[in-house]
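Have a look at these structures, which come just after this line.
In what comes next, chain A is part of two complexes: it sits with chain B in the first one and with chain C in the second one.
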Partner chain A sequence: MLKLHYNLEKISMGLVAAIIVAASIGGLVEIAPLFTLDETVELPGDLRPNTPLELAGREIYMREGCYACHSQMVRSLADELDRYGPYSLASESAYDHPMLWGSKRTGPDLARLGGKYSDDWHVAHLIDPRSVVPASIMPSYPWLTRPLDTALLPDALATLARLGVPYDKEMIAAAEADALAQSRPGTEAADGFQARYGARPAVQAFDGDPSRLTELDALIAYLQSLGTLTDAPYRALAEGAP
Partner chain B sequence: MTATLTLPERRIGLFLSVLLALMGLFMAAAARHGVMSLHGFMALGLGLGLVFLIGGSLYDPAPPHRRPDRYYDAPTRFGLTLTLVWAIIGMGVGVWVAALLYWPEATPPWPATSFGRLRPVHTTGIIFGFGGNALIATSFHVLQRTSRARLADSISPWVVVLGYNLFCAWAVTGYLMGSTQSKEYAEAEWYADLWLVVIWVTYFTLYLRTLARRNEPHIYVANWYYLAFILVVAMLHIVNNLALPVRLTTAESFPVWSGVQDAMVQWWYGHNAVAFFLTAGFLGMLYYFLPVRSGRPIWSYRLSIVSFWGITFFYIWVGSHHLHYTALPYWAQTLGMTFSVMLLVPSWASAGNAIATLNGAWHKVRDDATLRFMFVAAVFYGLSTFEGSFLAIRPVNSLSHYTDWTVGHVHSGTLGWVAMIIFGAIYTLVPQLGGKRQMASPRAIEWHFWLAVTGTLIYVIAMWNAGITQGLMWRAYDRNGALSYSFVQSVQAMAPYYLLRTIGGALFLTGAVLCAWNCRATLRGAREGAADRPLVPQPAE
Partner chain C sequence: MTAPHHREVDPVTGHDTTGHDWNGIRELNTPFPRLVIWALVLAFLYSVIAWVLLPAWPTGRDYTRGLLGLDQRAEAAEGFRALSGRRQDWLSRFGGADFAALTADKALMATAMPAAARLYADNCAACHGTRGQGGPGFPVLSDGTWLWSGDPDEIATTIRHGINADDPDTRYAEMPAFDWIERPDRIALSRFVADLPGGAADFETPAGGLFTENCATCHGDTGAGGLSVGAPSLTDTATLYGQDPETVMETLRHGRAGLMPAWSGRLSGAEINLLALYVTQLGQGSGGRP
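Our next item is the complex of A and B:
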């Protein structure tokens, strides 16, 4: 063996080839099966993709680096189930490009955040966290009251559709209008939105002001959707699945 | 820079600079507004600056001496300067965001200075700016010395150093403006990622071409590590960053991976960024500068072979230990855990080999702060790889994951191991580059050493306590079977530790500033470069 290496280290391309082989095996064994084994991700029938407004909110969530302090992954541990809710399933993030599971909880996990607090609470909390949670160390985000830029949404949906997220042509074409409609309950546009996305996504004036579409609208729409895209985790927990 | 180039080389440089400026102009014009346009202007500015720099000195006198018999150290010197600039940026931002966690009201009301945007500036500034520049700069030095040959050409090292720093600058300015892929340690957007691929191919080609000119039959072990660093980082970078841009004229893109596959690819990348960026490359540095400074040969050749292949093979498997108890299939988690524990063997083989090399030179460790930096680096390398294997064990991870223990672990590696070996290498290299016998102020090295060690220990111990406290509070139940603490109570409990870590970080930063000052004082007015020469056949009389 030593003799073999003694000769190998005289040939630079030999070293290069050996490094590539040695460093490829682990990745191939661990990653490739995740794409081929069906049981890795079982898509539940009721899983819906994010609406355009939620997607815009997700981009803001990423832009502000929320993922650096908040995870979106409830582990299958008793205290996490008691604190946050049912443990996360792989299918829940099947449409998430990229996933936002996170790696650090400077603040709490957000996987089950949707519906836990009112829209008003979120507005107050994002503008000034310490007004509702005095001991919070989260920064304030006063600039989120600015208007939401929706210009990229149709292309964003189209790109995601190419990657396999089930957005149809109609959804892509109406993306900008739908973003606006989701924050204006009781309008004709809101009916059109619900015709495309069903009755499950909330249609609300998320920031409390239906006359303006703001970044707050988008971010709160996204936060309120967390954990509500499918009921599968609740069913899995009730059935006592592994 | 230009004084070391011949006229034809200056012409090539001029041509490439014009090309860079045109690329920047094209990017800025195509994107019209937003991040990508600003990045276009940055490339345009760099290109134009280089055009003026090279054009202005095009017909200056050519370098005086015959060149194949001199090592080419100008890119190393420039790279080390950038290393120190990034050190101060990265560590400065780190200390600032650490302070914000203790004192969140101090956050200025502008988007660009928010914690979430500054945090990747800290990580990218340190890993890629500080660490990457140090790796590139020292690799040029080590490659030439261990091959006893000059770099294969004089243009591509500049392409690598300047191009790489353009990538870093694009990345951090992008985060400040809210442009991010949100993949940890790979936040830069798609065009920056593509640019880095071009730079990396140039780097790899330069490395192989120089190795091909070597005057030593064997490729020295430091180069195996640098090669593994270059190759595997390329592989990780390309696969993890595969993305579809929303439009070719915007920075926004979507990764092709989603959900659980994305998580696995991300942590395969994430942990191997630790392995091949923050470990392999720096082991290359250790394997060269430790023997050079201590005047002792590497203790065991066999051990270095075993540990090199062990690290290259085992590390790639361990990424999934970041995903214990998550929706990643159980078998993949178990594989990650198993290989993480096995990884301790090659890791400790390396650390042990380094420490055993110092046998017979312990009096130098006592007297020479530079060598002591390297010794402490090897010790912290051993400690943090042990901690890493320990934290990867599933039940341990159930407590430590998501807490500040992970942050403490990372910093015992980056402050204790990576930064210490960089400073050791810098203090060895800079006097040589300046043609001096020693650094301008040996006392400042001593001060730096103790500031760095004290800062690291305060930081790491504070974060151990913080993480274990968090983990225990989150899982504590009271007598009635209810959770004992609300989440925000665990946040409140962190305050003293966050203050301590800020102090530890500030001490470490102070040391780095001392180092930068000391290097500047040493290099100021230096004319003669390194005294050693490559092996060149001499013509017969």
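Our next item is the complex of A and C:
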């Protein structure tokens, strides 16, 4: 066996062929299961895609590198269930491109954050984390009060639609208006938004000021949506092993 | 150049050389360390055993389950139930809301309060502070001032259903905006409100008239609150947002509707009752210790 390798090393083309064979085995083992992804990940019936405002917030979440310190995955360990809630399911992030599970926690996991704290708290906490959590080591993000740039949203929705996220033409066309509408409760535009996205996404002035659409609006809308896109994890845990 | 298969031993290391000579330079052919080879062989052996025992290979729509039949999700759920079960023998007693009897049971409280402190730290401390000290817009829990009541019953209701929350039984505490009042009048009114705690406010002034007309319905004729409509007393020193003229101006201009989330979906009934008792004791200044 070792002698075989010894001899192979001396025939360069043979060595190249052997390297290709070895590397492709590794590749196949990693890639082949992905072809059955459609069959193995079951989409929950109540899974909703992110709204344009939440999507803009998700971009800010990535831009500011939140994922470097916060995971979005409750692991299937008893202690995690005790602290955070039901463990995360793959199907929860079926519409996430890319997923933001993260692998390191300097701060707490955020997978079940939606609805846990008030918008006011998020505003205070993002602008100056120490004002509400004195021992926090999270950086301050005071610049999030600047206006939100929504120009890329229609393209973002169209791209995601091509990847299988259920945005229709109407949603893509109205993406910019819908981002604004979600932060303005009680307006006609908000009714149009709810006609497209249903009653489940929260319509509220996330940063406390309905007259301005800021990056805070987007990021808080996204944070408040975490873990609320489907009830599947709660059902899975209640039913025992899925 | 020497013959390619001529064995040649390096006198310094005692290892073979490759037998080649590149312009006087010879390369050692150090053998692969035994230890690493054995580690590799053992790792391969372990992986073969693991394939058989544990879930391993994908088979299209399914995967090989392994002889041990392990399922991490089922294990986590089981572990979680075991964990909750260990608490259940004392936590279940908080399912009923006879707070006086619960508080009287010293042994039970000694077990429960450290757990309550953990629950509080995980869920409440972010807004209300680690010792209930609150902050601007987030009520202080460690003083004797309560918008509804300091009774554990009422506190449990607030935790369960929240304030201005997305819950059919939530409490409402909404101050409307008074931006329609002319600015000079608003300035006078905010100075009047700022003077209320000190007792220097004069109800016979125009600002006092504005107060009686617009504010007294919720905050009471003298501004003492206590009407259980979510409007705080303006005559005591406790404030939620601040009672200096600038902050009152801000409040008059935009209104206030602070939100406390409803916790009934996140915490069990017993946990909510436990927290209610903990918060009651925070309010009595004992820092949650019985």
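In this text, the second predicted complex is superposed on the first by the 224 of 242 C-alpha atoms of A that agree within 3 Å, B and C clash if a C-alpha of one lies under 4 Å from a C-alpha of the other, contacts with A are read in each partner's own complex, and residues count from 1 in each chain.
We adopt the following convention: a contact is a pair of C-beta atoms (placed from the backbone, for glycine too) under 8 Å apart; a residue touches a chain by one contact, two chains touch by 3 or more.
From a predicted model like this one, the values you see are computed outputs, not experimental measurements.
When the two complexes are overlaid on chain A, chain B and chain C occupy overlapping space and clash. Look at A:Thr40: by the touch rule set out above, it reaches both chain B and chain C.
Put chain B and chain C next to each other and count what each touches on chain A; the higher total goes to B. Contacts of A:Ala199 after superposition on the shared chain: neither chain B nor chain C is touched. Once the two complexes are overlaid on the shared chain, A:Tyr67 sits against chain B while remaining clear of chain C. Legend: residue contacts after superposition of the two complexes on their common chain; A:Ser131 is shown touching chain C, with no touch to chain B.
Contact with neither chain B nor chain C is seen for A:Leu4 once the two complexes are overlaid on the shared chain. Residue contacts after overlaying the shared chain place A:Leu81 against chain C, while chain B stays out of touching range. Of the two partner chains placed by superposition, only chain C is touched by A:Asp120; chain B is not. Across the superposed pair, chain B and chain C both touch chain A at residues 39-40, 75-80, 82-83, 87, 133, 135.
Across the interface of their complex, chain B is touched by residues 2, 5-6, 9-10, 12-13, 15-16, 19-20, 22-27, 29-31, 34-35, 37, 39-41, 59, 62-69, 71, 73, 75-80, 82-83, 87-109, 129-130, 133, 135-143, 152, 155-156, 159-160, 162-165 of chain A. Contacts from chain B toward chain A in the complex involve residues 100-102, 104-105, 107, 109-111, 114-117, 119-120, 175, 178-184, 208, 211-212, 217-219, 224, 227-228, 231-232, 235, 239, 244-247, 250, 252-266, 268, 276, 302, 305, 309, 312-320, 322-329, 332, 335-336, 339, 398, 401-403, 406-407, 470, 474-477, 482-483, 487-489, 491-492. Chain A makes touch with chain C in their complex at residues 32-33, 36, 39-40, 75-83, 85, 87, 115-121, 124-125, 131-135, 202, 236-237, 240-242. On the chain C side of its complex with chain A, the touching residues are 58, 60-61, 71-80, 82-84, 122-123, 125-127, 129-130, 135-138, 166, 258-261, 265-266.
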